[in-house]
Amino acid sequence: MTPDEMARACADKMWAEDNASQGLGMRIEAVGPGSARLAMEVAERMVNGLGVCHGGFIFTLADSAMAFASNSYNERALAQMGAVTFLRPGRLGETLIADAQERARAGRTGVYDVRVSGSDGSVVAEFRGHTRGIGQKFFEGEAIGGNRA
Amino acid sequence: MTPDEMARACADKMWAEDNASQGLGMRIEAVGPGSARLAMEVAERMVNGLGVCHGGFIFTLADSAMAFASNSYNERALAQMGAVTFLRPGRLGETLIADAQERARAGRTGVYDVRVSGSDGSVVAEFRGHTRGIGQKFFEGEAIGGNRA
Amino acid sequence: MTPDEMARACADKMWAEDNASQGLGMRIEAVGPGSARLAMEVAERMVNGLGVCHGGFIFTLADSAMAFASNSYNERALAQMGAVTFLRPGRLGETLIADAQERARAGRTGVYDVRVSGSDGSVVAEFRGHTRGIGQKFFEGEAIGGNRA
Amino acid sequence: MTPDEMARACADKMWAEDNASQGLGMRIEAVGPGSARLAMEVAERMVNGLGVCHGGFIFTLADSAMAFASNSYNERALAQMGAVTFLRPGRLGETLIADAQERARAGRTGVYDVRVSGSDGSVVAEFRGHTRGIGQKFFEGEAIGGNRA
């Protein structure tokens, strides 16, 4: 398997067991070694009476994107920390895109940045999170090193 | 109105327009000036195949608790940033409690800490967030000062 | 040794090798299991032309306080992350106090809060950090458990 | 003045009043609209007995880089928050490089990322911070918009 095929295979395995991301209507638009792009439409149940998306769903989308990006090397990793900065509200009906990119890895710790953008391309939120590998594999064979420091 | 009555009145007004917190089954257990305690049960749709709660829902609970705590002074405030540290997984069926406490205020900025605990009282996550007042009131009359620095 | 004596002994050992905290004129005012209080005067070399302390020195004071708090159990721990919120400027000549308290521990990860206050008691900054135990001891004998989750 | 010339002029003015960055031996290697690169050598007074740089000085370098990047539009901005993740220790004698890039702007809030690298090019720390414009100019004339959202 190439690194891209491995990333896809890990994502498929995770997706199958991820009620939460599926239940919120997320879609995986792209996945690769250390990266993932997810989309989610802001639904009625995610907004307050003013049509503004609860920040928690924006975090959740970004957190899912980090999960797929960080689990792309055939080694399971868990989120240890996530910090999100809200730049503008998400609006009812718009499709949010979360682009996760690996920023650094050292030992078992990974650092990921996720930008969440709105339908007009403007930035809705910036997320940074840490993950920690837990020494379990998705498939038989070696974990893939990625750009581990 | 006393500060406690004001906090309750603001919370009632926010709650009525908050589809998101309601839709996730949250309950307000207590609210006061600069503080709030919310409860939420970890439901099927929040977990992955292993019965572990998606971190996004833990963040969402904490973010809602901060919202009620920071909107308790008759001045609307929005979340500007939220950072969560995950200590242990939330489990299917357990009731999570989020306790939000104001840590500091300076000008329009508030700093809040939220501890999320599980059914056994152990800490599931620690959240810290920033809010920013937007100069709008819930009710006629003065905003209440709280422990503004 | 009692936990308090152990905390003091670990602090003494760390302090002896800590050029950085010493060089900035810090003083340890108190130390216990999972807690520490440090003081530092804002000196000329720490300020800009307007007499305002560079935020980096405020972070450094808080980071040192976390270091002494987290290394109080006879197990060496390193800072993995630190986040600081600046509430008001530190002023030339004032003595800043950093109070570090352990917020949670789970496995080798610790979460610490540090409040930095000014001479008038008002809050200058709020810091939150993560530490990670590295499996080394200061002294022969067992590491002490603290309030590990 | 071009945006690049303005960024340089603002940096010169800030630098002249910045005892702190000067006193730590920092150098501005580059500055532009929304970006800055600073260098600093890890000196004796910054390390502990094991030759490892106190994390506070790494934060301070990153914070300074954010300051020059965020003050490049002829509008003064202050750091409101800074979060740093430590990836590997800084070593005595090595020159650290901090590269600050604007990640987003919305209203008066800016979000900046700063990567701190060591002499071998590997990542020492990743920093993310928020700044807030305070409505003061360095020079007569308009503030420059940058990529404000």
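For this structure, a couple of remarks:
For reference, chains read A, B, C and D in written order, and residue numbers begin at 1 within each chain.
The criterion applied here is as follows: a residue touches a chain if its C-beta (ideal position, glycine included) is under 8 Å from a C-beta of that chain, and two chains touch if they have at least 3 such contacts.
The shown structure was predicted, so the numbers you read here are calculated from the model rather than taken from an experiment.
Chain pairs A-D and B-D differ in how many C-beta pairs are in contact, and the one with more is A-D.
Greatest Cα centroid separation from chain A: this falls to C. Rounded to whole angstrom, the centroid-to-centroid distance between chain B and chain D, based on C-alpha atoms, equals 33 Å.
If you average the CA atoms of chain A and of chain D, the two centres end up 28 Å from each other. Looking at chain A, one finds that residues 80-81, 83, 85, 109, 130 touch two or more other chains. Considering their complex, residues 16-21, 23, 44-50, 53-57, 59-61, 63-64, 78-86 of chain C touch chain D. Those residues of chain B that touch chain D in the shared complex are 80-81, 83, 109, 130.
Those residues of chain A lying in contact with chain D across their complex are 83, 85, 87-88, 103-104, 106, 109, 111, 113, 115, 122-123, 126, 128, 130, 149.
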